[in-house]
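Letters A, B, C, D, E and F mark the chains in the order given here, with residues in each chain numbered from 1 onward.
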Amino acid sequence: MINRIFMNEMSWTSYQKRIEGGALILLPTGATEQHGPHLPMGTDAMLATAVAADVAKKLDAIVAPVLSFGYKSQPKMGGGNHFCGTTSLDADTLAHVLRDVIKEFARHGARKLVLINGHYENMMFTIEGVDLAMRELAYRGIQDFQVMRLEYWDFTKRETLEKIFPGGFPGFDLEHAAVMETSLMLHHHPHLVDMSALPDDGPASFPPYDIYPTRTGWVPCSGVLSPAQGCSAEKGKLLADDYATGVTGAIRKEFPNVKERS
Amino acid sequence: MINRIFMNEMSWTSYQKRIEGGALILLPTGATEQHGPHLPMGTDAMLATAVAADVAKKLDAIVAPVLSFGYKSQPKMGGGNHFCGTTSLDADTLAHVLRDVIKEFARHGARKLVLINGHYENMMFTIEGVDLAMRELAYRGIQDFQVMRLEYWDFTKRETLEKIFPGGFPGFDLEHAAVMETSLMLHHHPHLVDMSALPDDGPASFPPYDIYPTRTGWVPCSGVLSPAQGCSAEKGKLLADDYATGVTGAIRKEFPNVKERS
Amino acid sequence: MINRIFMNEMSWTSYQKRIEGGALILLPTGATEQHGPHLPMGTDAMLATAVAADVAKKLDAIVAPVLSFGYKSQPKMGGGNHFCGTTSLDADTLAHVLRDVIKEFARHGARKLVLINGHYENMMFTIEGVDLAMRELAYRGIQDFQVMRLEYWDFTKRETLEKIFPGGFPGFDLEHAAVMETSLMLHHHPHLVDMSALPDDGPASFPPYDIYPTRTGWVPCSGVLSPAQGCSAEKGKLLADDYATGVTGAIRKEFPNVKERS
Amino acid sequence: MINRIFMNEMSWTSYQKRIEGGALILLPTGATEQHGPHLPMGTDAMLATAVAADVAKKLDAIVAPVLSFGYKSQPKMGGGNHFCGTTSLDADTLAHVLRDVIKEFARHGARKLVLINGHYENMMFTIEGVDLAMRELAYRGIQDFQVMRLEYWDFTKRETLEKIFPGGFPGFDLEHAAVMETSLMLHHHPHLVDMSALPDDGPASFPPYDIYPTRTGWVPCSGVLSPAQGCSAEKGKLLADDYATGVTGAIRKEFPNVKERS
Amino acid sequence: MINRIFMNEMSWTSYQKRIEGGALILLPTGATEQHGPHLPMGTDAMLATAVAADVAKKLDAIVAPVLSFGYKSQPKMGGGNHFCGTTSLDADTLAHVLRDVIKEFARHGARKLVLINGHYENMMFTIEGVDLAMRELAYRGIQDFQVMRLEYWDFTKRETLEKIFPGGFPGFDLEHAAVMETSLMLHHHPHLVDMSALPDDGPASFPPYDIYPTRTGWVPCSGVLSPAQGCSAEKGKLLADDYATGVTGAIRKEFPNVKERS
Amino acid sequence: MINRIFMNEMSWTSYQKRIEGGALILLPTGATEQHGPHLPMGTDAMLATAVAADVAKKLDAIVAPVLSFGYKSQPKMGGGNHFCGTTSLDADTLAHVLRDVIKEFARHGARKLVLINGHYENMMFTIEGVDLAMRELAYRGIQDFQVMRLEYWDFTKRETLEKIFPGGFPGFDLEHAAVMETSLMLHHHPHLVDMSALPDDGPASFPPYDIYPTRTGWVPCSGVLSPAQGCSAEKGKLLADDYATGVTGAIRKEFPNVKERS
């Protein structure tokens, strides 16, 4: 069981050796959320896991079990929490899951964690989870635990965007179940993409405010915020390479003691 | 994407159709917990998922994403929470995850859920999670949501135990990372079992009380509560068949409207 | 007020002297729960208290006020929480009561606590309460606080079972308001047992799963899980002796500095 | 078991009959708190229970198990939470215990509850507990549940005060473990009062503000806020009569359907 | 921005200098609560803030932003929470706000805080908030943080009461939106008092118990618990002087290192 | 007290009349957070309140008391929570304050609320607070309560940005205590801006990830994320006009029944 990437596939003795050797923990956070009729509901979890796995192929890093459930989907970010299938957690549930597992990683002896988020709505609650965990770690006198926290898409290179969107990048705002996520899924999990179901709703257009209860009419019926036409596995590979390279580079820079994967 | 088994691999539109057609939801709950040097830490989650998947191959049922983290491991049940790698949640974190996702399944229109638990320590907290969810559903006027809750090993047939333990079944108490779990993993995930690492600690012997902080000396160093020698994939298949048959039978009996898988 | 057994009957100055002298604290946890038409609803609390009092007559120990309310009754354990009279707490309420009082005992200067549980459903939540308390004590730098936690019936000797059940012990599972509890009550609180009301429902028979909302039809109308016929005060004394002896012995072994009662 | 007063001594079938007949529930709330060297730490719980029992001897009422642990003792009210032996709950623990049991009483079919508080510091948290319970009862459509909430000493008659304090009543503020409580204990539980240990510290004198951490020097070393000299069982009886009469009268007035005890 | 009184009007650099110089923090706590037809709903918050500002004009002290929302209004204290406009917090929400901000003040380097409460119902929850904060500060090793906690009206001098109520002081109990608060508002915020709307309901008269749901008929329709006739700005000034002098004196006595305002 | 704008300055009777007449509630949410050496720490609260007040001068709307404390400042948004003076709440504290007050507004009879956020870090927690409130309102059968939620800067018109940043708008990301906020404060509260203290740190430059504990070296010492040079009261007025006009327009569109201010 040596050199496995996924924590849940490792025995505790293998894991312990890795941690004692200074291995980094990568924690992907996702969601179970509608992603249009053509993508599976686990897309965010799968893509965050894929980024983590790609990093773990380069560095001495262990991929912890993904958080499969995320914060409530918002209309402008993921279509809204009224869709059938979207399965979300309350804010404090999510923050507490993160708090608990981070404290456990620290107990194991780990001192570096990279939290790779694949669901935009999770962002602030992962911040809270990290803060709660580090506060309690400090109570126990652990001051040297460090967390890098990121949304993977922030590592997209400008030149990649230019290649993927030759007509101009419309912005990350509407990239839900659209060209980028679909391309990434075609690269990582092609058998889970149903290209025949690709909707062609026009892009969603939102006012500069939210209304609750959600005005469901603001959101395309398909749940896709902008058309995914133009997606391809090749584009997915470009993106995946950006994330693998970018995140790995960031870790090398900030956590210089992390070893390369042997 | 029709007829997929796993919720996270289904599109929301497929899922919605299935739910509208009366599909049952199966929610496996596991743990990330030491299982000796020969089994992976995800064993409980993998086995609960495997039972769920076997049921979903027979009935019109959807397997929701497994809960990969469980309640704190106890010495007499899983070796104790002091092992490196064991990664556990506080009681209310676990109960709240269950509460939240159950409420979401009900919002989707599901009215039947089978909660398949693979980690003994989770039991009472899944009960609390179910109770909290059903209380809130009642506030919203939803009174017809039903949950079947089970530990899969309770479906082991007497004759299977006799075949697996020809010298007499020592009881479920010490069956942590022992013959039954190892056999099941050899059946379901043989590549994740390291038979060369099988420890041969004598069985653990516990007094009729707990002590906290854990007396770690009570627990075999390997984390295995009784020897796994005698395990085999064939025995694993016998057990897996019991669970698939038993759980499916229970569902057919209690939820007679659930359809066979088409 | 010297040498009283019950904390609530002691003045703080007497208590302080006892604690400074190394006295042990015994905390009984019970429930307010239906126990058939012949036993009072406080049975679990009374029996846990009785065990504690018997121990405190032998060792330098103080019996703290019993927790009269416990976790929600489960059909297979105590008949279910749908009975009139059963009065239960949410999981986190119960765990927090334990957390709070344990922290207070530690503040008083106590370093050893024995938690004597008389209601099966409480078990996991007492574990959580202990864990939460010890975590916070560690934050304050208190690392030497120890808790022994037990269900009193686990101290029943095999020979006692053979005497009480000459026809063979049917197992602890259905021993709710049945021979053992009724015998113990006849021994400790005979005026609270109404032998004329002893029901003779056949024993309950449960499938290997739970259903929520509770299938109330699974539970005998009386709330008794198996017949109490055959109970007697003599049998109760045998059991009480096992518990007094067994728990006292366990304490002497694990906490050797605890003094005998002077 | 007919016509018992204490809920925990009643079988569920007797309780059910009483509730169906319209019996009132009386819930005493106390504390485990230093009460000087002459009174036991359970004084507040015992006195609240005694008031409840006296009422239940007159009206068709059931005394629920007392809450033995209360909110943190305050210097000006009960000497402060720094005393050894005082064992207190966090605010939300206490409020949640009340919330949970009140909801259970309502589930049983009770519609009237009298909460008899014997520990001043509990007051606002019993208010919160009642409010949380009634909010949730309203979610379930239960709007007719009523709670009377009281501190028993507010029923002391002026003429009684004049008899007990012929030199003038110094006010309730310093009546902690002083003349009134000691007299009541001499009346209700004389064997638990150690008159030889009566301290004669002068009365405490507090500024019009609190300081945290508690300025322990403000509080007499004995924990008694004003001298108990002058206490007697006769005075205790006068007070007990006021409370029995006063509370019974209030219930008759506000809940006119409650029957007299048969 | 030097020498400003209000924290929210200071830059962080000015605040830091003040804190490093030993400035005291004053935290007013109020409510948004009906105060009759003649006083604004922010009365409690405004008066607590006014006391704080008066103190900060004498001592080296900084007034933190007032807590504008308080605990649920009680009939006998503030008319009850059924009035339109009264906007209250749950107990733990209020306690947690206090806990959080107190911990932040300690992080800033402050070591002395005066909590000036203007809403009676807040009292016990500010105590809990302080306790929760100081417990966590102790976890971080901060043991020298001190809090003075007060209700401002407790600083009213006897001679002032005699001047204001020449016919005898009826007691603080019914002083909600009555002579004292109205006079103070006439002194501090005359433009917010509508003297033409002064109601002349007779004084409220309450029994020695509470009933929930609130018996709204017990409370004068205006929400005023006793007539405010006789109020005047001059009386308000007498009271304001008592509070400024009294609180300042208490601080000088208890926190002798606090400097005079330069 | 007719036609006041601020809820805390209104009597309950005036407020009730306004609510019965259909008035809208505006709830500003801010923070107490460093805003460089030239702006006061209450900037976010003051600006959100100013927008609300400007709207309330046009529409039949009432400005509720601002939430003066917000979520923990993040390095990339507000400099980070390590600055002296920044005073933040835990996630669930903030969400619960919102939940509680929103439920109260609904109890008063209000059915429309506009939540005007002035502190970026609050965003997701206001969403959670709204969701928690609306969930509980639904339990009480209130389904017609609507919330508009907005960050005021999202109403900045493109032409205004072009006027304010003739050299090109660098983006909202670094606009903390920079040109926009300083200009707005010069417009609304000029006496609270210390132009002599304007720092000229170069703009902050952040990598596409966070590190915890905060790498404080990433943030300019002044706390200002980009230079405020070029700010002016005139620019502030342009922005204020955008917000007043934009938010008013949004309300008119979405809540057409809201009346103009009379």
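As a working rule, a residue touches a chain if its C-beta (ideal position, glycine included) is under 8 Å from a C-beta of that chain, and two chains touch if they have at least 3 such contacts.
In this text, all values refer to a predicted model and were calculated from it rather than measured experimentally.
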item: Partner chains that chain C and chain F have in common; value: A, B, D, E
item: Neighbouring chains common to chain D and chain F, by label; value: B, E
item: More contacts between chains, A-F or B-D; value: A-F
item: Rounded Å distance, chain B centre to chain F centre (Cα mean); value: 47
item: Approximate Å spacing (C-alpha centroids) for the pair chain B, chain C; value: 29
item: Residue list for chain B, restricted to those that touch at least two other chains; value: 90, 92, 139
item: Those chain pairs that satisfy the touch definition; value: A-B, A-C, A-E, A-F, B-C, B-D, B-F, C-D, C-E, D-E, D-F, E-F
item: Residues of chain E touching chain A in the complex; value: 136, 139-140
item: In the complex, chain E residues that touch chain C; value: 138-139
item: Interfacial residue positions of chain C with respect to chain B in the complex; value: 71-72, 74, 90-92, 95, 121, 123-125, 127-128, 130-132, 134, 146-150, 154-155, 207-213, 246, 250, 254
item: Residue ranges of chain F in contact with chain E within the complex; value: 1, 6-16, 19, 32, 34-42, 45-46, 64-66, 68-69, 83-90, 92-93, 96-97, 99-101, 104-105, 108-109, 192, 194, 197, 223
